[in-house]
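Listed below are the structures to be examined.
You will see two complexes here that share subunit A, one where it goes with subunit B and one where it goes with subunit C.
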Partner chain A sequence: MEPPAEHVHWLFATGFLLLGLCLLAEAVVGTEVWRRRAWRAYLWPGLAFALGVLMWPVMTFFTNSTLHMLAHGAWAEVLMAAGAVELALVRGKIRSPWWGLTMAAAFVVSGTAFLVHEQNAWFFQRSSFLHHLLGWTLLIAAVVPLARCVRPRSQIVATCFALTFIVGAVFLYCDRDVAPVFGHISPLAGPPHR
Partner chain B sequence: MRRALLLAALGALALPAPALAHATLINTSPGFQQRVNASPRTVTLTFDQYVEKLPQTIRLYSTRGELPIPRIRDDGRSLVATVPHLKRGAYTIRWHAMSGDGHVVSGVFTFGVQTKAPPPTEAFGASGPTRTEDLVRWLYFLSLAVGVGGLGFRLLVARRRLPGRFFVLTGVGVVATLNVGIAAFLLRAEDALQLPFARLLYGDLSPMARTRFGTVFVAMTLGFSLVAALLFLAWLTDRDVFLWPAFVLGLLFVSGLSLSGHSAADAGSSWKSELADWAHLSAACLWIGGLIQLVVVVWPLLPELRRPALLAFSRLATVCVGVLLAAGVYLAILRLPQLDDLWTTAYGRVLLVKIGLVALALAWGGLHKLRAVPIVERGGTLPKLRASIAGESMVGMIVLLVAAILVNAKPPA
Partner chain C sequence: MNAELVSELEAPRHRTARARFITALGPLTALAGAIWAIVQPYRITLLHPHGQGFWWLFVEPPLLVIAVGLFFYFAIVPGVLEDMEEAGGTSR
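This part shows the complex of A and B:
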């Protein structure tokens, strides 16, 4: 039995929220303080990589449409790739800061996947609005990892990078209908669809 | 303007409005591939949200062609078709409906009346594997050889740290296995659903995921995503401890092809045929993957490892070839019990081509074993040995192409 799609979305939203909070903490206290415990350096890249690995079951078990399958597959791969590159940078296996472009590419691919797999207009329904919002947020926010390559010590860039994940997590929490889990809560939601 | 946009965004987030994906089929009656004892009066499709019927929203096919459906009604979240009395046989339902989000969702499933239903990949209208699928299957075999064979080479032959190129090559093999697997699944689904690409994007793939092929796709995708993660961790931490589970998992999940192919599904198949098929494929992966590692990693980057690696690989290749031949002969006898099937059937003729190519690869490998290995063993060098090993691996890759065609072909009943 597959869990409801809502639970899966919220699980990943929680993952991205934790990731964003780690990044925000690092941005606030500074990298030197954050990395006084060596394991903390691996925390958010490891989380990103683990979220990528966990996305594969989502891709394989939610096969209700080709579009969803392809989008989830793309997210799984780019999350794994971006997490892997950041882990390798932390570990010192790769050195060039331009490897950070992988994260920018991951944002672009993820944003495009959101926009392509949502083919309704912005105001068609809440999920359409949020898919567009997520897609464009990620596409525009791809500038931030680019800026990280050029200004790796900038606190503003680091904060923007963290906020991208936090905002993305909030959007992802809001992305699904609550009705399948909590029932039809309000008449404002119109007639029950589920 | 900025404030209005912000307010609109906050409103959209705060107000409890329906947030729907497109409709998902959650239940059918009769069920996917269900065998029913009597003709059903209706065919019912139940979705997770409201749907609207379209012209010819449900179409019913026997093995001979389309059957008329007198009445179809949409009943909220269900589509109900009244069907005529159905005789004993296999039936296909093709459906499409307007989802709440305005998209047309489509799907196919099969059921049997007093008989076993075929999988949706053999639904009425599905044409079977195409040349593109042969190519994709070949790429899949190649990816497995590069990924799993590469890991086997590292652990069983080299037994020492290899440069980054080993990880790049093996990683490409594992990632390609994941992606080519997805392509293979989608091609099979496209054939079953018989939809143009734009509509395939909203096609329901869940019946395909419940077939033997689909189950294997799910298992292999999950397995190889773990292999990819372990391989990366081995590179990141410089610890071999991650390579062994990656190799074992890889070898284990190679069995997915044996558990979904002829050796598992056709008449005469048993656990012995599945085991033989797995041994055949695993041995081929180790052999060809090892050759590729020798040519791409050891020869150009590690001159000091050439001699020990060639000698150790020669021993491994001998075992692999033995397993390959024993399992191959057993499977050939199982699928073609009559000798003349070899030249009178299409499957047999492809098998003959494969046997010819395997003989060429074996002769090439034998030449290396009997001529090159003794010279290298004595500390001598052969100037064109790398090119010769590359040639052997090329023949191996062509064997995999013919094997891909063979796997997609139907053996004689």
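This part shows the complex of A and C:
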């Protein structure tokens, strides 16, 4: 009854897409307007924290090697930590914008985990390609939460931050368990899906 | 005096552009999902449900994208627009 791995990726993509849209809306209307309603203020940190929590069952039920397990465990930890810090920032328990470094760390750890746990080359098959792409995207995009620490009120930085999640969602939606990428698929990958 | 008039004229237009953008986000997302469904109809297993398991029928990526767009439009946008109006009103 467990969903195939690609379905889990698509469900996480849905969460990230909603997260991205909310962050984009916040970037456009401004944080003050966005936080006028408490549920909206807690939506993004809460979703980030929930995605971290949901990563634990993924680690438990969907990892087929030690490397996979460690990568998903690391994701769960950093996502929960980053979500918790954002929750504390919204609540006013902590105030320094430098706490946003936790999110930058989450990006770096997530990107590294993507790259480390993908053992195949870029064009082995589609999921390999997407793991490499997501890994490098997250590593490069770690600059954005870093910039948020320096310029917490910048609309451009906030927009880039939101777009990172939307791009991540698009990549995750493209994932298939076994499928060609740009016409390439290794014969070792197995029979491809459509 | 002139500067005051200009700011009064420009501020509502600025807010309207933002409001339009926010309002368009959900429908555009849903449209993207609909286009995806048309381009890759085989990604919607509900169209050919015979022999499909639970997860293949439950998780339909293009429909999920449409659902996110609609949820954002109907559940999140109205409150944001109201608050934008109020913030505009109080800032005047």
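We take it that the second predicted complex is superposed on the first by the 174 of 194 C-alpha atoms of A that agree within 3 Å, B and C clash if a C-alpha of one lies under 4 Å from a C-alpha of the other, contacts with A are read in each partner's own complex, and residues count from 1 in each chain.
We take it that contacts are C-beta pairs under 8 Å (C-beta built on N, C-alpha and C of every residue); 3 or more make two chains touch, one makes a residue touch a chain.
The model shown is predicted, which means the values in this text are computed figures rather than measured ones.
By the document's definition of touching, of the two partners only subunit B reaches A:Gly73; subunit C does not. Of the two partner chains placed by superposition, only subunit B is touched by A:Ser127; subunit C is not. When the shared chain is aligned, subunit C comes close enough to touch A:Leu17, but subunit B does not. Legend: residue contacts after superposition of the two complexes on their common chain; A:Arg95 is shown touching neither subunit B nor subunit C. Put simply, more of the residues of subunit A are touched by B, taking subunit B and subunit C as the two choices. By the touch criterion stated above, A:Arg153 is placed in contact with neither subunit B nor subunit C. When the two complexes are overlaid on their common chain A, residue A:Arg37 makes contact with subunit C while staying clear of subunit B. Residue overlap on subunit A between the subunit B contacts of one complex and the subunit C contacts of the other covers 194. Interface residues of subunit B facing subunit A in the complex, by the touch rule stated above, are 9, 12-13, 15-22, 24-25, 48-50, 100-103, 105, 175, 178-179, 182, 186, 189, 200-206, 208-209, 214, 217-218, 221-222, 225-226, 228-229, 232, 235-237. Subunit C meets subunit A in the complex at residues 18, 21-22, 25-26, 29, 42, 54-56, 59, 61, 64-65, 67-68, 71-72, 76-77, 79-80, 83-84, 86-87.
Contacts from subunit A toward subunit C in the complex involve residues 1, 3-4, 7, 10-11, 13-14, 17-18, 21-22, 24-25, 28-29, 32-34, 36-37, 40, 173, 194. Of all residues in subunit A, only 5, 49, 53, 56-57, 59-61, 63-70, 73, 76-77, 80, 84, 87-88, 91, 93, 119-120, 123-130, 133, 170, 174-180, 185-186, 188-190, 193-194 touch subunit B in the complex they form.
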